[in-house]
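Order of writing sets the labels: A, B, C and D. Residues in every chain begin at 1.
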């Protein structure tokens, strides 16, 4: 059986997923697309020889679509489509963040809990990155002793012009909001967001850049995160975990080393599509495999993970707006559905 | 349309390709397997829910098989299956080397030339490796000026016990026999194979280890190659191209860096399945795409490439057996079919 | 003329300096040694064929000693010797920290200011390290734009057993207290010291390990510092400066790369004597050159630098003891003598 | 006692040694200089406040000079000064190569053998480089098993215009002629020099560039060497020793890593003065220590080493001029004086 996937949202990330499903994923075909911009949906439908739907709702309801990927913008448009898919009893993949509203996330938790089965996977694709997985494995196996500290950077070369302070959190740091607690296996106690006085001249009105965030987990592990989204340099994602007997750190994917003009140099990625291509592919393949097996991978990111990241993001915003002090991260009780 | 692939040969490399076609390739399904060991074919047929055939010939002839992958051992068993596939007008992928006999390679050239269309792709998967491709691109674009010298190593941690001197060439150096001339875009003038006096204690009767080979192309580019297949260390593939204005060199895929016990360290692969996983996947995907389009990628390795590597390998053997002097590499005229 | 140096303190660091002056410094000789342990002074005097003095005071007063190095422990014993040397009008080098008491540092400021000439150099040898100097140069020249953030680690493999929380600051972080403001050319506004809940099992009673400190300068640059002195790994000193158009980071001195057992590895130093050998040598050579020229290098660390580090250290201690909040760093007015 | 050193030759390398002896060496002073260009000698004498001599002979004979460094050009001018120093019974350091004439080298062997004591040290400073020493140590201790192969490159950014094919050997490869046999502890059996057809456009009349040389030792170890002296890139010295259980390779000295413009980069040296500064300093310090002790370090490069490198260089030239075949390296019997 081949899984017929429908994708809602044909923008930057959506088109990347369209290409992925059509050309790189095993066991699935691109069956339909939809976008609020009709002509965009039509363009991709034509290019990939699949159906286009006037609305996401129609795509979800179509008997020709087995499973749905929601890749719409702004992020708060995800949840209505996710809820609709749940209503139809269809598997749905939502890009991250699930929402920027914790209440909306909770609505999905409720709907899915009522169904009693995980139908939603959230796009925290870093969990599928070979580097993060090696780190997670080393932590889980205690290869270098227990983890004590994490140092992370999330650096982008540049941003779009309508990217503001909240985006530094819900669009960017959201990845670390998910990955940090996942790596160490402990929920957050407190987080903070600090805006240093020294700011890059390459930023714009409404965006403080760089920013420094911290995460403290309930078991006492401390992480710092540099968010610097106009670093005028590269997409430079770093994560070093300091353990009792050694450290383990991400490296960027490189294929060659060049020596020229008195320099030995390796490239650093420009963007996430390149940096995390392996992770994106593995993520979607894992989701497809899960849907085909009618049982999502228990370690895949859930609605609950979407909620946790959202609550942490809210606390970061609060800290940023309230003198940079550490803010508690308060979660409701975790339903049984989300206990592995 | 989904391509129905049949795989002949279910050994080490065959099973790797079985897993690949079944789980990682887009647009194809594993439709059948065959192996000289019936029970092996049955095992994989059962595991992957596909047909098994008593013989490779039956698999090739089956109307349920659209295209064939030949992954049999020893290498001289490839050509008969390839010729059979050509007879049936089916696309066929042959693992490298196409053959260890130049005459056998020529037979495939003849058969394919008669058909007048490329139906064969040979498994020189390094051409699909991101690293080699970056090097090729830099050479083609003259990024660092024209290439002058290449330094290559082909190191394996260990070998099977029935691996002998000829295997150092036809099984191992055969990759460099293909990749070196492909990178620089010039045929070989002469090659040599030298066996130094200092040999590792980890080798066995019938295998000199390490060996040093050289390649000189018709346009004067010189390459040296260390073949060291019991290096007791790692699968360490290196290729540095020295150009007029800089050098470019392969790096091994790594995902993390570890600091522990007073060392900063990164892993080196143990084997080719890991080191070249991206290359193997891209290779087979490219082949599948070509077959589906009824037009193999013109830059994919051809029967002619299989012959060229085989002729170079023969000259290496001759040099090794005749005092290590440089031996000419003599090719027949290249048929139009193999001119890009 | 050859400078006759007397060294007070023949312990771990003292003996290192004794060896340095006797064997690696140009233009100076080891003329005398003193230690509170007579037999230690005698031992070194015999080994290096120089005088030994019963007390540091006698060494300072001796007409056979031109200039003095104070390398005594505990650190609060430095200032009395430094003041004595000033009294005698002799140049004096004090190991870092000048003192752990800001008041004691101020006494030296007063004495030296009264003389009206810099006679004291403080042992912040990192300023002489090739790596830090390259970073400083890049910042000063704006090679990568203005500095925004610094990420630093100060990791030791292990500590002596009588090393406690205060030592994490006055013995260890004191280096960063000096180097951070020197690199960016701005005084401290506030600092903080945080003790995370997750602690290494390799620490001992009275020492929290690791600790995380922050520094904010008056011009808004933010730095974080991991102090981890029982990291069970290596002496791993890192400093990455994030600028507007790139980052520049220290590397450890390495001389070879090894590939073995599936790892590519480079060593990380075990201790500061090895890691900063070039810096220690350059530092003492610079001091000797300054003394011989009767004019200390204006960029060499001064009494004022000793005071600044001490005041920052006091604020770090206060933060650690008062809920980890940022504490202001308050300095008296800088006398003209210490303006470059 | 302070050693009074006289330096003959105030050119590029001579002035580097003048600076070294005057400012960085312990236990010695620069007492006199001489150069065939009087005004150059006068200039340095004035700058460093030492004597200047009209001729090298006068410098050697002067009672104010204890030991002599010969840094003259062309290289064939070394031996007469060395012989003169031996005549006066004074220690003498000769820059490499001792000579380009094996007969001249033998004359020094004879003179020194007659005296019966080593008074000559030859400037093969790489033996003092931390990297080469780590490699030598690993080989001697068998850390990675016995050595089997060496891969070396000797790359310069550019050359002076009167540098020709012979210089590629006697000026450049001479370093590897010395270091290769020293590392593995075995004399040469055969060497070869090959000029590939592909040549850089940055070379000039009379200089083939690049060239490829090989060295085979009597115990069967094989080395290849790329000599590329107009590589338009950097002074890039590499040496990888392939052993039975791992490889060990030189790295270039670096102090920082920079990330900018989508590249992570480290510098490669421009010239030998920077690359081997530590080695030059250690070399001269070791020589000074040896002279002061009236017993040169037994492991310091001797007249015999000068002869060996010269004989290997002659064989390389012969190979280059005679069809690139391997040429035997024939040494006279080693006098007892040069057995350690």
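Note that in this section a residue touches a chain if its C-beta (ideal position, glycine included) is under 8 Å from a C-beta of that chain, and two chains touch if they have at least 3 such contacts.
Computed from a predicted model, the values in this text were never measured in an experiment.
Matched by residue number, over half of the contacts between the chains of B-C recur in the interface of A-D, chosen from C-D, A-B or A-D.
Once the centre of each chain is set as its mean CA position, chain C and chain D turn out to be 38 Å apart. A straight line joining the Cα centres of chain A and chain D is 57 Å long. Work out the mean CA point of chain A and of chain C, and you get 44 Å between them. Multi-chain contact residues of chain D, defined as those touching 2 or more other chains: 233, 236, 245-247, 259-261, 266.
The touch graph of these protein chains is complete, with an edge between every pair of chains. Per the touch definition, chain D reaches chain C in the complex via residues 2, 22-27, 129-131, 133-135, 138, 144, 245-251, 253-261, 266, 285.
Within the complex, the chain D residues that touch chain A are 157, 233-234, 236, 252, 259-270. If you check the complex, the residues on chain C that touch chain A are 145-149, 151, 153, 194, 196-202, 210, 212, 216, 219-222, 224, 226, 228, 231-233, 236, 242, 244-247.
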